[in-house]
Structure formats: C-alpha cells, structure tokens
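First chain A sits with chain B, and in the next complex the same chain sits with chain C.
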Partner chain A sequence: MTEQGLAQRGALPGASREASIDKVSVDERAGRLATRSIKTEAKLSGLRLVIRMMDLTTLEGCDTPGKVRALCRKALHPAADIADVPSVAAVCVYPNLVPIAKKELEGSTVRVAAVATAFPSGLSPLDVKLDDARRAVELGADEIDMVIDRGAFLAGEHPRVADEISRVKEVCGEAHLKVILETGELGAYDNVRRASDLAMEAGADFIKTSTGKIQPAATPAVTLVMLEAIRDFYYRTGRRIGMKPAGGIRTAKQALHYLVIVKETLGDDWLTPELFRLGASTVLNDVLMQIRKLETGAYQAIEYFSKD
Partner chain B sequence: MTIKLIDGEPENPTVEQGRRKGERRLHFGDAWQYSPAPESPSKVRLEPRYELFIDGQRREPSTGRYFQTINPATEQPIAEVAEAGEQDVDAAVAAARRAYENVWSKLEPLERGKYIFRIARLLQERARELAIVESMDGGKPIRESRDFDVPMAAAHFFYCAGWADKLKYAFPGREVSPLGVAAQVIPWNFPLLMAAWKIAPALACGNTVVLKPAETTPLTAMLLSDIIREAELPDGVVNIVTGAGPTGAALVSHPGVDKVAFTGSTAVGKAIQRQLAGTRTRMTMELGGKAANIVFADAALDQAVEGIINGIFFNQGHVCCAGSRLLVEESLHDLLMRKLCDRMSTLIVGDPLDKNTDIGAINSKQQLEKIRELVESGEQDGAVRFSTECAMPDRGWFFPPTVFTNVAQSSRIAREEIFGPVLSVLTFRTDAEAIERANNTCYGLSAGVWTDKGSRLFEMASKLEAGVVWGNTYNKFDPSSPFGGYKESGFGREGGRQGLLAYLEVDR
Partner chain C sequence: MNERRQAGSDRRRPATSEEADGWRVAVKKTWKLYIGGAFVRSESGHSLVTADGDDNYPHGTRKDLRDAVKAAIGAQPGWAGRTAYNRGQILYRLAEVLEARRSELVHGLVRGGSADAETEVSASIDRVVSYAGWSDKYQSLLATSNPVAGPHFGFSVPEPVGVVGIVAPERPSLLGLVGSICPVIVSGNAAVVLGSEADPRTALGFCEALATSDLPGGVVNVLTGRRSELLSHFASHMGLRALDLWNVDDETAKPLEVAATENVKRVTRRALDERGWYDTDRTTSPSWIHSFVETKTIWHPMGA
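Let's look at the complex of A and B:
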C-alpha cells in the first residue's frame, strides 16, 4: 500500500501526529534503566529468561554444516552440566544452511530463522529479494529476518520501503517476519522511530535493530525507541509486535539491562520469547557462567564452557 | 433523543479512576520481579546523640533538651539531636563573628578556596555514607541521594571553591567584599544539598555562617560538621545549631547577623520578612512553588512523559520547583494521560534504601497528613483521581503516585503547593492561554516547556514568570546555573555567578 493510501486510512502515525524523539532524554532514560539492581532470585530467573529469548546466530561466509550442527546442539542444550538450563529460542543462519539446522533441531522447540532479502545490505532488485525470502521459507525456515533498503529509506522513499516489506511478508506465508532496520545506519532516533512505524504498518511480526555487520549495533537507547513505537502501535491497533535487539550484547549484565527496558516499557506481556528476542551469541557463555556463579558461589574459568 | 454509544460503551465513556474505559493497557505485574537490593545501614556508624556544633566544638545545648529524628520509612527513631536555645544561638553567632573578624576575612582568598576544595573532596570520599544517612533520615530513595544529592553537594563546593580567589573577575570593574555573618535556615527536602548551596558560596565570598538544618533531617548536616572539622576549617567559620521553628526564629532575628538566607515555605518566609523589615539585615528567600509543566502537541511525547514523571515524582514531590501543574494542549490530553498512567504504573514505591526504589517515604507524618488532606479536597472538588496500585510497605509514611485530571484552575490542588507525589492536570488551547494559566499563581519559581519548536520555546521562556524555565527537560541543576524565584517564590539567586552576589557587598 502506498503511503498516501495508508495515510487515507489514518493508519500511518504521520497521518495525525508525527512522533518525534528527543535524543538527550532517550539516552538519559536508557541510562537510568541500566542502574536497576538485579540480584539473587531476580538475576537467576532473568538469566534463564534471557536464554529462552536468545537467537543463537552464525552469519559468516565460512559457515559449514559442521559449524551449524554444533551451534544447534548448543541451542538445544546450552550447558549439559547445569540443571534446568532451557533451550534457546532460535538458531539464525543463512538460507543454504537452513536444512542442516532444521534437521538437527527436529522435534524441539528451537526455531530456525534465516536471514534473507540480500542480507546484509538489501541493495538488490526486489524480485531477487522476494525470491531469496521465498526460497528460505521453502528450505524450512520458521522465521525470516529481512533487511530494509536503508538507501531508499534515507533517500526519503518510505513508500517503497513499506511496499517491499509488505511484499516480503506475503511470500513469508506462515513464517514469522522480522524486519531489520539496521539502526546503526539510520543516523537519528527520529529515523529509527519512522522506520519502526513503517515496518509495523507494513506487516512486520518483529522489528529488529541490526544485522550485526554494522557498528553500532543494538543499543539500549535505540531499543527503547523501538519499544515505544511498538507500544504506540499496540495502543492504536491492539496488535503486539515483537522486538529483537541484535549485536553488541556481550555480557549477561547487558542482557538483563535489555530485559529491564522491556519490563518497564511494555510490561509483562512482552516478557516472553514470543515477543522479545536477543540476537546475541557471545553472551550465552557469560550467562551460563553467571548462573553457575549464582548456584555455586564461585566463578568458573571460561574454558569450562563450550565455544561454538 | 438519546444517542447510543457504539460497542456497548457505558453511558459515561470518559473515565474510571482517571483512565478511559476500554482502552488498551499495558500490564506491569510480577512476570519478572526485582529482588530486594537494599543498601546496608551497617555501612554507617551513627551516634546515639548529636550535640550542637559551635566554634569548632561539639556542645551540649543550654536548654538541656534533645529531640528525636525519625526514619520515615520505619517510624523508628534514629538518633537524638540537641535543641538549641537562644543562648546557643548567641554563642554560635558570636563564634561566627569572632571567626569572621579574626581569621576568615583576613585569609588570602586562595587559602579560603583550599579549605572549600577540601570539604568537596571529603564529601566525595564519604559519599556512600552520606547517601545512606540522607535516605534513612529523610526517606528519599538511595538512587537519588547517591546519584543526585551527594554528588551535587560536592559539585557546589567545588564550584564555589574555584570562585574564592576570582571574585574580582566575577564582577569586572567592581570592588566586592564579604557581608559578615550569615544566618542560614534550610529545609528538609534536600538536607545536605541545601547546606552545600548555602555554606559553599558564603564561605567562598569570605563570610562565616550559622546554619540551622530542618528538625526532621539534621543528620547529614551533623556529618558535614565532622567533615568540616576534618578539613581543619578554622573554628567558628561554620556553626550548626539544630532545633525546630523557635531556634530558626532566634537565629534569623539575631541582631548579630548581617545576612539571612532562608529556603522553605512561603508562610515562614513571609514571617521572616516581616520580622526583618526595617533592619539592615540582608535577605535572600527561596520559597514555595506551583510550577507549570507545559506540554504542546508537537512535543517529543514519550520524553515529555519522562519529564513529567521526573518533574513531579522526584524526591516524592518534596521539591519546591516540582512540576506540580501539568498544562497539556487539549488535543493531546487523552493520549498523554494514557501514556502517563502506564508509565506511573511502573514506579516502585518502597524502602528508601533499596536501590530499585523510585519513590521513597514521605518525610514526616505531618507532611503525609497535609498531602492526604489536599488530595481529599481535590476529590471533593470533582477532580478525577488516578493513583497507581503499586505495592506499599506495611509501615512507614508512604503515598502512592497520584494524578488528578479534570482539575479546575480554581481548585485548591491547582493553586496550593502540595509538596507530595500528586500531579494536577489542566488543559489549554493556545499558547496565549498556556501562558495565562501558567502565570495565574502567586508563585513563580520554575516552569517546564515541551515543544519541538525552538521559537515557541524561547517565546514561552520570555513570557513565563518563573525564575527557571526548563526546555524539553525538567529538574536539571548545575552549580553554575542560578536558581531562584519570582513573585512569592522568593528573591535572590543561588548558584552561578549571580549566587555569589547574595553574599557580597558590591562597593563601587
């Protein structure tokens, strides 16, 4: 649907009121949420929740079936020697590796996500991108992580970006669509907000910060801006859109900080892997280490945790 | 003819306890709860009894009387504090005079600065202890005493210390000299910070002081007296007399003082002004407020909501410059209220020493009763109340975050200073109406304006009768920024170069 069409429906936020974002204040709020003190029981349950929300990801040119199989095992059983460690939410790979992951994860709750639409730049003809997404679904992906065309967005071609998202949504069928905004390339929080609104209106099931290929990737402040967009969309439509910060999350403490932001911005309904994911792989071992520390009172060397 | 409402909405579709019926709400429950994370009071060693601090010594009061200071979160006494009588005030003023004549006014300005820098550093060194005591004695959340009160107090000493040897350059072409002995009476909402606001510029300008802290929150001032001793400040340069109203009255009306600096209620401020009328004593008054926080429809809305929260719920609303009147452009009202109520629902009320507490205890039982009385009057006036359903502690003096909509400009909750976590919401249609409503008060301490238009911001700032106007932010402080009121919010400025003037004679 064109922007004009959306505006006539009164569906685009800009139709009645353009949301603007004040950077100083957003950074301050995100910073203050980082001062929440997460201890003992809250820390343990928070860390378990973090694992359940994790999308374990490998997106390298050198990914092989062996590497992906190993990652899938880790996704199913992050640490065999720690009691009650749940599986992660999903494994995220390039389309060619979807069948490998699918087979490895068969019968489990762990979903397979594939990046598509000329990841990570999105700078290919639309039919190529649609085909990319369609093929990934055919190969068995449960979730599609698409990228928006940032060039088009920054050139002001918002209707084109919206149109591309809704076309990808069509070819996804049953597969969940996560729309990567690549906030590190959008420059201003106003643009992040605009792109979030646009993606949700166009049919995104999730909005996601980053590809992981660009710095900065996810930040608490950018996540806050996107969660506020999700809240406003929920107020308007009653639809709950999911959120996935990705990249740049390295420590368990940072991961818990994201959980705090979700808890205090969108509340209980979003504290579930159905609506919140963390795109982070390196953080898993730190989370396991912290859980072990909480249970035994002592830190264990990193060599005791598998590197996948 | 009756008009049928769609979707079976009730006849009165507007509000139920301040929230529109049927609107989608967020749920801030216990899906994942924070565990208690209290700062430990065992980190501080408090004495069972605190004497007066006169002429560099701890002194028993001539009255022989002591009063208890109570932890408002537990209702338990923390320590006994001396009640200074007229004789003690005399002794303190005399000590300050001697110190002024013999030592402090003769000291090289650079040396004065060194002492003040030393106090600043010692405040930083003992920051944790001071923060804990501030929260125990006054009820404010440890997050605020740790991140705001104590660092800001140190910052004021640092800032003023730097001015001590540069006063000539503060007022180019003018000769300045100190006033003499300053009598300073401070309130209970920011005990240590207000002591810093008062003592630091007075000392930097070469005056000596007698300070009277509020009777409900004297402890951090007593810790400050330890720091002053540790800094080896000459005896009598700073004296601290504790007590209630009569002690303060004896101090401000003492013929030996050259200057009175008062921060507190407008009623007491007026009484002091009456008392000192016709005398040569100089005065600065920082009194009450009923600040308008004005939100335009073009504002960055989610950030404005944060600013509203910060404006009214900071320090339980015990803030003279609290944004206690929310003026919102009518077209934005419903959306803003929905967001505000959802955001308020995330606020954690509880143990002031818990690091996750957003709103601590109301400072005293008396203050809690005043808040309750005004809230009741708001309900009787027909305003619609929304208070969050947050868990409240079983004991101690607490009040839930509260907002009133449908408030009339004539209502008491729109006119009187509540000094609690209670916000009154009014609407406006045009810029002119916003200014008229904002200025329609006897107070004029502060205001906030939220808009994306720079031109509108500056126009509002020039037309608002308020000493401080914050643009797209609220409750921002800096030692270099002057603070003070218009109208019945007082006169004189504290902070910045202007703040020095309150403690200087500008000779020529």
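Let's look at the complex of A and C:
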C-alpha cells in the first residue's frame, strides 16, 4: 500500500482503535523475522548498534549507590579490552539513585532514565504519581519511564489513562517520556494496540512494552504490534515515536532479531538510539561475548565478563 | 510378496521372519547427537557415512560443541550439588540400563568392528559399577587434613573443575567412552564428549542408556564428527575448564595445548592401547578421578 493510501486508511482520528489484530499472522510474521540469520560483519555492526541502543537497567529493591556506580562505569565502557565498543544509550534506575548515576555519567553521552509514577504497578493517586515524575526530573533524570494504570485501562477507563499520560508529559518538561504499557498484563494484542495508540496520542515520546517485573515481558510479536501502531501513527500525524522492548531479552541473537523486526516494519530511520531502545540487564554481557567470539574465533564463557 | 499384496484382504500375521521382511517397511534409525538430554540433529544439517556404508550419522560442528558446552554449564552445578551417594545411585542405574540393552550394544559393536563385543559390553557395565562405588569414597583418599604451623588446622578437599571436554579413544569405542566419561562425572563434573570416529554409532547408541538412567540432561553430551575439525574448538572454548585427550599425537596436541592456555585449561593427554582399557587396576584408579578435581583448602581455627 502506498504512503498516501495508508494515510487515507488512518484518516479518521482514532480509527485504529477499532483495528483488530490477527494474532495468528502477527505471531507467524514475528516468528518468521526471527529466523533470519545475521553473520560476520553484519553481525558485528548489528551488535555494536545494539549496545548503542541499550538502556542498561537495574530496578531492584536492593540497589545500592555502589551497584549503580558500577553499572554506570559499565555503561560508559562496556568492555575496556575489546576495541570499538561504544557506550550504551542510557542507564535506567529508580529515582533515588538518579543523582548518583547523573554524577557518574557527567560529561558523557549516556543519559539517565528514571522509572516513575508508582512503578511498577501505577496504582497510586494521580498527584502522587505526578509528584514522583516531577521529583525524578528535578533529581536530574533525562528520561522518564512511566507506567500506565493497567487496572484502569482494563476497566475501560481509557480517557482517564490518556489524561494521566498527558499530565505526566506536562510535568516531564524537557525530559523524554517513555510510556510502559506492561503488555504482559494487557492480555490480547488488540489491547496492546489500543494502549499504544492511546499513549502516542496522549504525548508519549516512546512506548515501552514492560516493567520487567511481569512475565511475559517483551516478545517479538508484541513488539511488532506496537511498531505497526507507531508506523500508522507516523503516517497519520508525521510524528516519529520511539519504541522500547524491555524485559526477557537475554541473548545477542534475540536483540538482533528485534532490530530485524524494526527494520522490516519502520525502516532504517528507526534504527537509531533516538527512536529505538532495548531495556535489558543481562543481554550486554552476551553481546560482548559474541563480539569477542567474532574477534578471537574462540567461544566465550560468562565468567570472564563483569558480573552486574 | 506381490501375490500377497494383491490378495489385499489377507491380513494374517506373517508366519516366518522372511515372510515378515516382505510384510512391512523396516523403520530405520536416524542417528542423532545427544545434547542437553535431548537427541538432536547437527546444527550444520550435514551427516557423514559410517565405514560400512549402512548409516548416516551427524556431522557435528563447532556450533554443536557450543550448544553442548552451554547445556553442560547449565547442568553442572546441579549435578555437583547432589549428594555423592545420589550420584553413585544414578551411575549404578546407568549400569542397570546398560545391562538391559546388552544385546543392542553387542550388535552395535559388532557392526562397528569390535574384536570381542560381548567382553567389551561386560567390561563397560562393570566399569560403570566401579565408578558408582567410587562416588562417595574417593573424597577420603584425595582429601587431606594438614597440621599447619599456627593455631589452625587445614583441610584440603576435592571439588569438581566444571565442564570437561573429552576426546574419547577410537578403540575400544564403548569401553573407552564409558571409561573416560565415568571418572570425569563421578566427582560432579559435566562432560562434552567427542565419540569415536571409527565407530560413531556405538557412542550415540550409548546415549540411549544415558537418557534413561536418571542422569540429569546436560551432564553428559555426546558429539560425533571429525576430530580434525573439532579439536581446535575444544581447546579454545573458554567454557571448558579441562580437556581429556585420548591417543592424540604430539603434533596434533601442541596447538591444542597452546590454545588451552588462554583460560588455563587443564589438559590431560594420555595414550592407552585397546587392551589397556581392560586393565582395571589402572582404569579404575582414583588417580583418574583426581585428574579432574580442584583442591580446595580450608583453614580452621584450632580449639574453636
């Protein structure tokens, strides 16, 4: 279909809310894209891109300043002994740890993202959530990862959810807003699509799959549904919204398959850290292992990479 | 045969084995690698042909090795965490399962060119029983208690090294395989084994017993393929902590030993002729277990 044709199809505001997602074909297409084999130089450049797109994350109750500092060092220099390894895109932490990360990353390209709005459930009064986001920005967060109130969404209170997102967007100011849909709790793909449309219309800069606290988290199929929503929204409004799958991405191979899905759905324009991020805590070491394997020819073991 | 088929409705049971041969199409076995407790095809999708030309067997590659090491790394801590007594029970059950599969193993060995298949199978089963017995006894022989110059007492105890790569001898294809695996796994190591190239079916057939022995998947992984292609990857893999090389000549071994230094892999290289594997004094010695354990020493305060 031509661009114009697509634009016409989505001409009515909110028309896509009626869209029904064909689960079987989405699963099939996402599965098919994940079978693509990426080798040698393409693999190496893909892996470097994956690192540049990574939001290195730690969201545990036991996070200490020391752990966050160590994570920031890793974000800046993922592997000192491997040539040409870039810094990651951002470090993602709880608000209280933002100042620590900010100080550690000062003067670098690595941004600081904070989760906010009563993460991970989002089940607190709106003024508390707004305050949470505002304080995170004041503490120095460059990006805010907010959660939507899934309970309200599933109860059909879509306007309320949209209103909350717009209010959070207001308090974010310059900070980029990523809206976490927690797709693992939304059930059907139709809900994922509806929530994606709603978040983008309410002012999200990024839409994000998951908190990482719920299984299933990011899957290729859910990511495909969200990317298609982003594509249709772009044709309708001309605005480019970013995408962040998070949680459950453990291997370099999986990460590369996400890039394939992005490229096939949105094209090269979205293959940049400005518009695509991978939220992960364990995948970085696997990517580094693969890079070293490509360089040395020897299969690697995890115990030779820093534990985080 | 054709006449009977034309009879159509005649579905009586065949009376003789000759008649049975014409009655049905035989089901031929697809030989597969044994990785992570499952029988899998080679990642390469390629196969090699056995010496007698009767069968195809998987052409294992470095990627199969990678998968096998991954499975072994996943399985090893759980295996090492079991009690010594339990590891012994499981090895003993392996012997029971091998006994039940005796005729199949003998048949396989005969096809693979074993000189005395019956004796080899018996010796293999006995070898497993020997090591089942060693499972909770070798520690007493390898551990020491060390009086040290100070108000402490030292204990040195053996611990498994981790995942061991075994390049099994070409002959005897079953006894050499069993005899090299048992001393490695009895102490809680996991193994990635390259089976005999001369008789690959025996190595893969043995895995049928492993799979039904209660041995957790991934503790023993068996590959078949070409030694010449795979050895360098065994040597360079950072996930293997030790190598057990059987009958590898000096020229072949040198680059392997060099590559193994990268992660300070422990390389044990031994040569044993076919008869040597029947020498039980030698092959069931606790020194064979000792080759694949690390010694941990603990200092304990005196009088506490």
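The rule is simple: the second predicted complex is superposed on the first by the 291 of 308 C-alpha atoms of A that agree within 3 Å, B and C clash if a C-alpha of one lies under 4 Å from a C-alpha of the other, contacts with A are read in each partner's own complex, and residues count from 1 in each chain.
FYI, contacts are C-beta pairs under 8 Å (C-beta built on N, C-alpha and C of every residue); 3 or more make two chains touch, one makes a residue touch a chain.
A quick note: this is a predicted structure, and the numbers were derived from the prediction, not measured.
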Partner contacting more residues of chain A (chain B vs chain C): B
Touched partner set for A:299, first chain B, second chain C, both or neither: second
Partner chain in contact with A:234 - chain B first, chain C second, else both or neither: first
Partner chain in contact with A:291 - chain B first, chain C second, else both or neither: neither
Partner chain(s) touched by A:263 [first = chain B, second = chain C, both, neither]: first
Partner chain in contact with A:25 - chain B first, chain C second, else both or neither: first
Partner chain in contact with A:39 - chain B first, chain C second, else both or neither: first
First, second, both or neither for A:246, with chain B first and chain C second: neither
Of chain A, residues touching chain B in the complex: 17, 19-22, 24-26, 28-29, 35-43, 45-46, 49, 228, 231, 234-235, 238, 259, 263-264, 266-269, 271
Chain A-facing residues of chain C, complex: 62, 65-66, 69, 73, 233, 236-239, 259, 262-263
Touching residues on chain B, where the partner in the complex is chain A: 23-24, 26-37, 143, 147, 297-303, 306-307, 335, 338, 342, 346, 355-356, 452, 472-473
Complex contacts: residues of chain A adjacent to chain C: 296-301, 304
